[in-house]
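Consider the two complexes below, in which chain A is the common component and chain B and chain C are the respective partners.
After this line comes the complex of A and B, so read on.
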């Protein structure tokens, strides 16, 4: 669908809070045996490039938001599948998208804070994925 | 975004696309337009795809429209959940436009825009729709002869023919030679372990031949080869069968991949009564498909002016959950259509059947199924079909 390979960076399994994100940010909540939030952050340029590549032509602001929402859904869906296979069943909220130059996200009760950057071939900017989670006891 | 991609994929075809932004809108469009196929996303605002699917399947006017789910969640639990609700197929995101078109083309006849009406040559006069009881041809491409033999053993009781090839090159020659003599395979299973993505290249070769464009192709691989399975799925494979092979389930998986109605294996007419002969054993997939296709069978019975059903349990040895669920669902559907039913079986079944159905109603797989024996003081069971027929 996207046709772009994303290569993960080394990642930080104890990412400090609050986490600062920039650009077009998608977010989805997890609730169930694991509770938390998944954030994806694309720079404006990266979001525009990816949207145009997927849609095969120019992309409006709304198109870009739709693409970021859908990609966040795919990333989180994949994460959910892996969590479910490990016994942590959960439900996903529908994605929402916000834009900003300095978006601070944090989750007080999250015992897990993981952040990684992905380089996408042919794009100078990176995709940032931040996950906050707490396992149900 | 999904609308745009799907619209782009179907642009070359003579189809009318209808779009809705959430499940509630989708139900309205489906009610008004009665589409041939519904592509249903899981994640949507207002009403999600799972709730929408439940409502579609509960509506007698819409329940027979085939639904293909689009989901970002490939987990076993999620897939099983939607499969049990009666979806015809599911596509895991990310997908390609070609992938969606390929799946839809298995359910409806897609024609290119501007294509001439089918000619004698293209329409294939006299070429009847395949049935599960035909001598179906299965092409197995695997370098290990033991795999071919296992598949042969699993499908032999169905009367299907297995042709084995040790390499994709040999298989490409086999399928090419099968076209002129109209002996093309009905399904192809190919190992995903060949080097240099040879299975994917074989897929492209097969699809480039118009006579083979609809032959379903499945992968064969070990359970842990998820990367290969995902690649195959993205390429357009119907799915993958993992090794070690589950020989009990295999024939039913092939039936589903070929999109065949499995009821001819179980149903027959005896004078004016429809008889469903339940098998000794039934796999999970076989049970789900039997229930799904039974709806049309039972509706057809009523439409043709008959209303008698005989459920023959004489072949059943043990009431495993998939078998029990199929029995309950068929009887519930018959009840809803005012079809009178009689059961043929042993005296033991009088006690075991209602007890087992009632005791399993708390099991997840049984949760949404009504108890067809509820309110029935005693269950009448007849020793043979003649006795059951006389009892109507």
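After this line comes the complex of A and C, so read on.
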């Protein structure tokens, strides 16, 4: 991922709802043979570190939001590609960025709720990815 | 809307980003000839009032989230229908619900940022709807 190695955790394929997330969150909707919503959550420190690493210098609040949006787009694009290979074609909405403390996200109509944490090289905080999805019948 | 009259405000067709929202927020992605993200924001009081009105009695935290998700689905479905009539066919992701204090949402790739407030009959707080969108070229 943009020159940063991300190591996945063991994941939780039955992540409880609502899911608690903190910091700078990216979100993108999926629609098609799979409908869903992907949330990525970077702690403020992690978002700042990653943005500075990518931009090669200081990063403003806007820069950090842009980097989080772009990384969320890349992560969800990768997921879309894998879903497509499995026969679940879908298209993506635009990425939006949500900032706040102690954010709770849920999606009751999602039969699938998967959460995983990724450790990024050289960063102490983890990146959390929460996917809510429902397969088309 | 489910027996509750909603009166729109004058709206802001160039709503600044990031947009500040509070309380219980619904969100849904749009993808197709228009790509975007719709956020609805109910204050805690408004969400509770509307849920109790719809359910005809007391409403738990989960009930309130369900009602906000369903209303967001209805509002976005209505928008989708209008966009479709204008030639911008699109499909919707599933609704998700975000709770938190002082939430900031933004979508840099959205050339369209529209915000409006709706007054619901018998409720002092307003419902805020923020739409981020980009038209397909």
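One rule holds in what follows: the second predicted complex is superposed on the first by the 136 of 137 C-alpha atoms of A that agree within 3 Å, B and C clash if a C-alpha of one lies under 4 Å from a C-alpha of the other, contacts with A are read in each partner's own complex, and residues count from 1 in each chain.
One rule holds in what follows: a residue touches a chain if its C-beta (ideal position, glycine included) is under 8 Å from a C-beta of that chain, and two chains touch if they have at least 3 such contacts.
As the structure is a prediction and not an experimental result, all values here were calculated from the model.
Contacts of A:27 after superposition on the shared chain: chain C is touched, whereas chain B is not.
Looking at the shared chain after the overlay, A:66 reaches both chain B and chain C.
In the superposed pair of complexes, A:92 makes contact with chain B and with chain C alike.
When the shared chain is aligned, chain B comes close enough to touch A:81, but chain C does not. Of the two partners chain B and chain C, more chain A residues are in touch with C. Overlaid on A, the two complexes show chain B and chain C touching the same residues of chain A, namely 66, 69, 92, 94-95.
Of all the residues in chain C, the ones that touch chain A in their complex are 18, 27-32, 35-37, 39, 65-66, 69, 91-110, 132-134.
Residues of chain B that touch chain A in their complex: 1-2, 4-5, 8, 43-45, 48, 71-78, 93-96. Listed in rising order, the residues of chain A touching chain B in the complex are 1-2, 51, 54-56, 63, 66-67, 69-70, 73-74, 76-78, 80-82, 84-85, 89, 92, 94-95.
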